[in-house]
Amino acid sequence: MESIARLDPDRRRRTGVPEVVYAEGKLPEHTLELIARLREADPDGPALATRCPEAVLSRAADFFVGEEVTVDPLGRTVVVGALPRPRGEVTVLAAGTSDLPVAHECLTTLAVLGVRGRLIADVGVAGLHRLLGVLPELEGVACAVVIAGMEGALPSVVAGLVDVPLVAVPSPVGYGVGAGGVVAAAAMLSSCSPGVAVMNIGNGFGAAVHAARIARRAARADGADGGAAVQEARHG
Amino acid sequence: MESIARLDPDRRRRTGVPEVVYAEGKLPEHTLELIARLREADPDGPALATRCPEAVLSRAADFFVGEEVTVDPLGRTVVVGALPRPRGEVTVLAAGTSDLPVAHECLTTLAVLGVRGRLIADVGVAGLHRLLGVLPELEGVACAVVIAGMEGALPSVVAGLVDVPLVAVPSPVGYGVGAGGVVAAAAMLSSCSPGVAVMNIGNGFGAAVHAARIARRAARADGADGGAAVQEARHG
Amino acid sequence: MESIARLDPDRRRRTGVPEVVYAEGKLPEHTLELIARLREADPDGPALATRCPEAVLSRAADFFVGEEVTVDPLGRTVVVGALPRPRGEVTVLAAGTSDLPVAHECLTTLAVLGVRGRLIADVGVAGLHRLLGVLPELEGVACAVVIAGMEGALPSVVAGLVDVPLVAVPSPVGYGVGAGGVVAAAAMLSSCSPGVAVMNIGNGFGAAVHAARIARRAARADGADGGAAVQEARHG
Amino acid sequence: MESIARLDPDRRRRTGVPEVVYAEGKLPEHTLELIARLREADPDGPALATRCPEAVLSRAADFFVGEEVTVDPLGRTVVVGALPRPRGEVTVLAAGTSDLPVAHECLTTLAVLGVRGRLIADVGVAGLHRLLGVLPELEGVACAVVIAGMEGALPSVVAGLVDVPLVAVPSPVGYGVGAGGVVAAAAMLSSCSPGVAVMNIGNGFGAAVHAARIARRAARADGADGGAAVQEARHG
Amino acid sequence: MESIARLDPDRRRRTGVPEVVYAEGKLPEHTLELIARLREADPDGPALATRCPEAVLSRAADFFVGEEVTVDPLGRTVVVGALPRPRGEVTVLAAGTSDLPVAHECLTTLAVLGVRGRLIADVGVAGLHRLLGVLPELEGVACAVVIAGMEGALPSVVAGLVDVPLVAVPSPVGYGVGAGGVVAAAAMLSSCSPGVAVMNIGNGFGAAVHAARIARRAARADGADGGAAVQEARHG
Amino acid sequence: MESIARLDPDRRRRTGVPEVVYAEGKLPEHTLELIARLREADPDGPALATRCPEAVLSRAADFFVGEEVTVDPLGRTVVVGALPRPRGEVTVLAAGTSDLPVAHECLTTLAVLGVRGRLIADVGVAGLHRLLGVLPELEGVACAVVIAGMEGALPSVVAGLVDVPLVAVPSPVGYGVGAGGVVAAAAMLSSCSPGVAVMNIGNGFGAAVHAARIARRAARADGADGGAAVQEARHG
Amino acid sequence: MESIARLDPDRRRRTGVPEVVYAEGKLPEHTLELIARLREADPDGPALATRCPEAVLSRAADFFVGEEVTVDPLGRTVVVGALPRPRGEVTVLAAGTSDLPVAHECLTTLAVLGVRGRLIADVGVAGLHRLLGVLPELEGVACAVVIAGMEGALPSVVAGLVDVPLVAVPSPVGYGVGAGGVVAAAAMLSSCSPGVAVMNIGNGFGAAVHAARIARRAARADGADGGAAVQEARHG
Amino acid sequence: MESIARLDPDRRRRTGVPEVVYAEGKLPEHTLELIARLREADPDGPALATRCPEAVLSRAADFFVGEEVTVDPLGRTVVVGALPRPRGEVTVLAAGTSDLPVAHECLTTLAVLGVRGRLIADVGVAGLHRLLGVLPELEGVACAVVIAGMEGALPSVVAGLVDVPLVAVPSPVGYGVGAGGVVAAAAMLSSCSPGVAVMNIGNGFGAAVHAARIARRAARADGADGGAAVQEARHG
């Protein structure tokens, strides 16, 4: 199968995001092989695979001997290669602990894209005081990713409280009419608070890409961070 | 048409709710005629028609000369006959001013069922402080009806803050994927806050019935209000 | 995972309902751990976990040695800690024997919330005489929970016969166009009998919360039951 | 347009049902012209047009001078030609007065097909005693057509009470999640009472065809009715 | 579980159809137990269980020692008790061999209800000549059940060719947009041929009930068959 | 508005199909203006506008004085400029007379694209003999376009009978669950006859483009027709 | 109605976005009145009303005599008050001329929020060269808003070509299965190009809010623009 | 089961396509048996089975000893018998490597139908240059099959660039709102590029049938290929 894959190593330069292996529905050996080929074709940064089945997660370390391999079973990601020095920061809010797999996929992708991600979890609207308590931490961040399942109300509440570009990610958590996350997705699109931009259900990866583009721009403009990065690189 | 309608005048005794004319899709003259027949068959309380078209609203006063007629163009209701003395109270929250038609249908029905309704409007989640400011008014009420369109998040937030039986009514306010209120309805059913019971889209009437059954029970048990009612009735 | 959960021990005081563990999609050890932490943080009442997988149900008794542990395999619930003395009563109707899992989740939750639940099962509309035979038992109850799958007609029929606050719970029983309970849910929302309030599919837990809020209010107002509770407590 | 229509005058012999003009979406003059052509091509029985717009209903009498023309504004049908002597009988139940347009389309079609139709209206499940009161009239009928909108529960209840072939017709009466009759249709298909056969929403015409095929068969077998028909024809 | 089941042994007398065990989602031992209880409570005819899982099918013969047990693995039915002498006949058409499970459930139910069922299989519209070849066999039958998956076109074609009451059953055969049979169901409801009455997806049982009611009526009226039945019974 | 439209006059050369004005939702004057600009930018063939509202249809002749203007009120098209000499042929089947608007849009587009279209109308599956009678006319045609609404069964039947590339177009004719043509579209996609390719609902234009590409290829290869075209052109 | 509206004048400070009047479904006089009240309560910037019906658009200028009033009939917006000096820039791409209403709502909102918007229209994927020709203009922009109807493919193509935060807005342009924009919305959420964030159908307003938050941040960080603004202000 | 299958060996002559075994949902032994019977009844070409489960794929070679058996595990097809000499050619484009199963089913079917298929894989719109690089290969082909999942944008882009009959096949690749391929299917039907004809999700088989009918026609007309075929046959 892999012999007819057309790698797109130029994608990182063109869009700021390297090609990534979406492992769902692929044979484990194909996924591992594709990671290896990406690693070779585009050595400027680590290679990332998302939605990895158990067989990929457990075999990755042995497959890539001599490489820095980071496996996250909760977020189902494999990263091969050293993470870049982060510039810029994104805050990731998760409504409940069941939304953590999506949050982890998002945080790992941010790290691969060279952006620092900070997680604030279990701040769903059923206990509003938890959210109100962490609001100050959102002041001035470049971008906030807000993950929620069930009725997907968290982005609406956050977007009405702070002046931050906000990306909402419906998580597939729910049951009955809300099973699979479709209700959360539709509710986020219908938000009464303006400016909520929505990703596909469970798409922590895509949210990270959107957020990283915003955060890197802000960091670049700022300059301070970039300077620090240069300094750190010197001592690295 | 009306000649083959089978009136159900016993419904008030059996279920606590009189038969009501649902005017949507009926010819105005049929609606008016049915109100008159209900008034005659069940004189113990006022007759109510909901979802009245303009032609019913504007002709009702002339049609029922000599009767006490209350017309609400916003809620699209017509009441013929004197309202009963209210016992018990229900609070009605509306997320936005566009939800007022549903709120009005609910308030009028509460009045017809002999329950006092109090409206708190424009407390949607996009400006949370407005809701937090009115929370104390919800303490100890017998039942709260919460109306919202778009993403329908308000009931989730309220249900996480107070210990009150809560009936959520999705309103048909919204557009795009949320047009017609279907997203609000699904979101309310998927609420992460426990205990949110949901009515059909725009069903302020049904919410009032459910809430009135709760409030009357509470008022009856309480006794004080009942006693007052007896006294007032004496002087009435 | 659990280290970043923000427990909400104040929820019981604020909303009358303690925080509860929704075990679906959680690792069994996380669920057991969360129950333990809830038990510790909120010792005023028992801790409840719903939608428990087999691994939680079978391990709960051993995990909580020295505690009163109640496991219900049909309703898939685990309760740790002594149940409170019940005050107030709710009647739970189930259309068929396939609806019993939802009914059991509801009954267990009622017990945890300190409300007596009475089950009347297998009274679906295909054999109406079964329902008519039990109707007298519904007279004067504080609230009725009505569970049905397939076409979800039972709540409509009940609501046309008695003067009781009625909560309808669609069960996921059905096949073909009615698979998963979506048709039952939509039918209940579309009920021609006024006052039917609807929960999410299979949400026996949420129905119990709504019903308990109504029943406790009625019992409190009544006083008698409370008095009895005090007496019993003396001898307890 | 009509010049390229291929009339199917043999349909009556082949299927027991003549070709019929479905007027929705056709220009009034085309509908009237098609009726005339059908009348000519298939003179063995009256010509029927269903779903007629106002312009057809009001012009039909003048267009077919010298013919027996029956116009039903409620059922939106036009019949040109004398109705056949009825043989066999079908009972049509309508849940509410808003379902009468569907019932009328059904009754007119039965008449055109030579079957006697009897209407029992306003027997919805919100007032069950009304239905129970008319049940004896269903004993022994050849076929029952049951029309309901909203949650579409009536066929389930009826099918659990009598031994009669039952055709359910969802009517487009409803709002919110039940708008247009889709919920009624799905609920009828999901009926917990066995043997409920369902037609498309509002398809009173199709229900009449199905019922007439059953009723004519029964009448034919019976013989008595046929004999009477011959007698009556003698004195006619 | 079974202790709270309310058997409805009167159902056979009331509706012409005995209570039946729907085994899907029930524990095998409960299904077998319920069959036994039905057998006892209603000994006038055999007991039927539909949608039986493998465990019921394989254990039925041993469980009901001394009884006549008929197990159909394709139709997933178990019948306990002797089948009644058939009166009247129904023709069952299946579009493809994949539709046979539904056809078998229908045929077994017909047998249990005392009606002879004749199967004509693999006559789908992709090879029309196969259908045209068997058309003569449909002449004069009391009722035809037509089963099809995918686009569900077969009932439309049959209904345009013969004068027979026709019950269409969508089968869950299909994939892509037609997965699960929903498209077949909707297409059958939308049939351009009048008189197609539709059952839920895969509901061969319900189709048999509707068809049997029609066929028994026809057979009863006819008399000949009944007389033969009496004769046969004498020699039986 | 039109000032920022970017005309694509190269489209005819690139894809074989000129840019076309989709008039739905455009102001009449904008549509007429765009036709004029297309006419000027791409004078090699006539300019076409589809889905024209009444105001465009009635004003087109006066707007384009001195041009050959063809207006089709049924198909809602306007063609400005002389039609090319046709090469190749496509047969268009329409199930009923209500499908003629879609058929006309298809036929006009074929003419604009230089392909001869032949219409065979009113051959729906409810009267199969009509279809069987015209089958011989389909032998050897380059492509068949088959239009049907309601249950959309016609393409399945045709595709099982002839060896012709077949394009199915669902028409928006239908009501109830089949309203708008969605059921016809899904049924056509689910066809049990292989090789049915489907267009969007009502997209007679797109079907003509697909069919014309096939027919022109066949005609070109054939050569005979092309030669005739040259000859005719000489005498033209 | 307006007397119970709770204005939220603090919203601009809290979220960077002033409260805005959504005029759809409101009476024209209420909309005008609400604009006036917003203008008074929050004089720091212009007041905006979106989705204005004709009656608001035509009466706005007369209603707000002495104010700077900007009415956009295509985008259906009314702005009362002087627009702020723009800082930062957002590029708005529209696939077709039918998407211009959504683009205009977006551009007006950007202007109200103090951000410069640049429109690139009619660059849909059916003529890819048009898009490729304008790509260089996207280099280095702070944020791109991409509007498309029908199959909504444009954002996927753009996101694979440039390194820019991208907000996709489905427009309600389409017909058949794509009517109303639901397919475009779902396709955008399903984009194979990472980082596409999606707004509700037709929500040009929300896209502008999201984009403005990004662009203002970038402009602020940059500083140059801010300085220029101060300078310009001096000479203004 | 197979004993009642009615083979249609005449189908190849009638429609140009032999009967084919759709193995999904059939028992492996039935599939193998049906292949054998088809092979016998219609020996003019190879027998094909699609959607074969593992058990058929692995047992086919042993079952058909002495026959030429071709098994494709990726496309899940089994072919028994020698492939015909190909005439005409079809190009198959696949957006990503996950779409290869559909592409393989298509390619195998083309081979069985005697048409040469050429695969161009991994040319999705996220990296447009890959597609632009292979465009010249599409010039002059008889038909192109374009397969894509997720948002299904590839056919729109291709159809705007080349003058080739284009068949789009949605693949079931996607997640969240795009799970199962329904969004890709709807997007392809809604294409803004004219002439995109769509197959059911994953229906590589049907696409091959449609494409083969086009390609064979073109090849036949052309003659050259046919001549070559004759020559090759001489030397074969």
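Order of writing sets the labels: A, B, C, D, E, F, G and H. Residues in every chain begin at 1.
We adopt the following convention: contacts are C-beta pairs under 8 Å (C-beta built on N, C-alpha and C of every residue); 3 or more make two chains touch, one makes a residue touch a chain.
Since we're looking at a predicted model, the values are computed, not measured.
J.: On the document's contact criterion, could you list the chains that touch subunit E and likewise touch subunit G?
T.: Both-contact set = F, H.
J.: Quick check: more C-beta contact pairs in C-E or F-H?
T.: The greater number of contacts lies at F-H.
J.: Would you mind checking which chain's C-alpha centre is most distant from the centre of subunit F?
T.: C
J.: Identify, among A-G, D-F or F-H, the interface equivalent of B-G, where equivalent means over half of the contact pairs coincide by residue number.
T.: Selected from A-G, D-F or F-H as the counterpart of B-G: D-F.
J.: CA centre of subunit E versus CA centre of subunit H: separation in Å?
T.: 38
J.: At what distance in angstrom does the C-alpha mean of subunit H lie from that of subunit G?
T.: Each chain reduced to its C-alpha mean, subunit G and subunit H end up 45 Å apart.
J.: Between subunit D and subunit E, what is the separation of their C-alpha centroids in Å?
T.: A distance of 27 Å separates the two centres.
J.: Residues of subunit G that touch two or more other chains: which are they?
T.: 11, 126-127, 159-161, 176-178, 185, 189-191, 193-194, 200-201
J.: For this entry, which pairs of chains touch?
T.: Every touching chain pair, ordered by label, is A-B, A-C, A-G, A-H, B-C, B-D, B-G, C-D, C-E, D-E, D-F, E-F, E-H, F-G, F-H, G-H.
J.: Would you mind writing out the residues of subunit A in touch with subunit C in their complex?
T.: Its residues touching subunit C are 74, 97-98, 100, 119, 121-123, 126-127, 129-130, 173, 175-179.
J.: Going by the contact rule at the top, pick out the subunit E residues touching subunit F in the complex.
T.: Going by the criterion above, the answer is residues 95-96, 124-128, 149-153, 156-157, 159-161, 174, 176-178, 183-184, 186-194.
J.: Tell me, which parts of subunit D touch subunit E in their complex?
T.: 11, 14-17, 20, 142-143, 159-167, 185, 189-191, 193-201, 205-207, 209-210, 213-214, 217-218, 221-222
J.: In the complex, go through subunit G and note every residue touching subunit B.
T.: 1-2, 4-6, 8, 10-11, 19, 22, 24-26, 30, 51, 170, 172, 180-182, 185, 200-203
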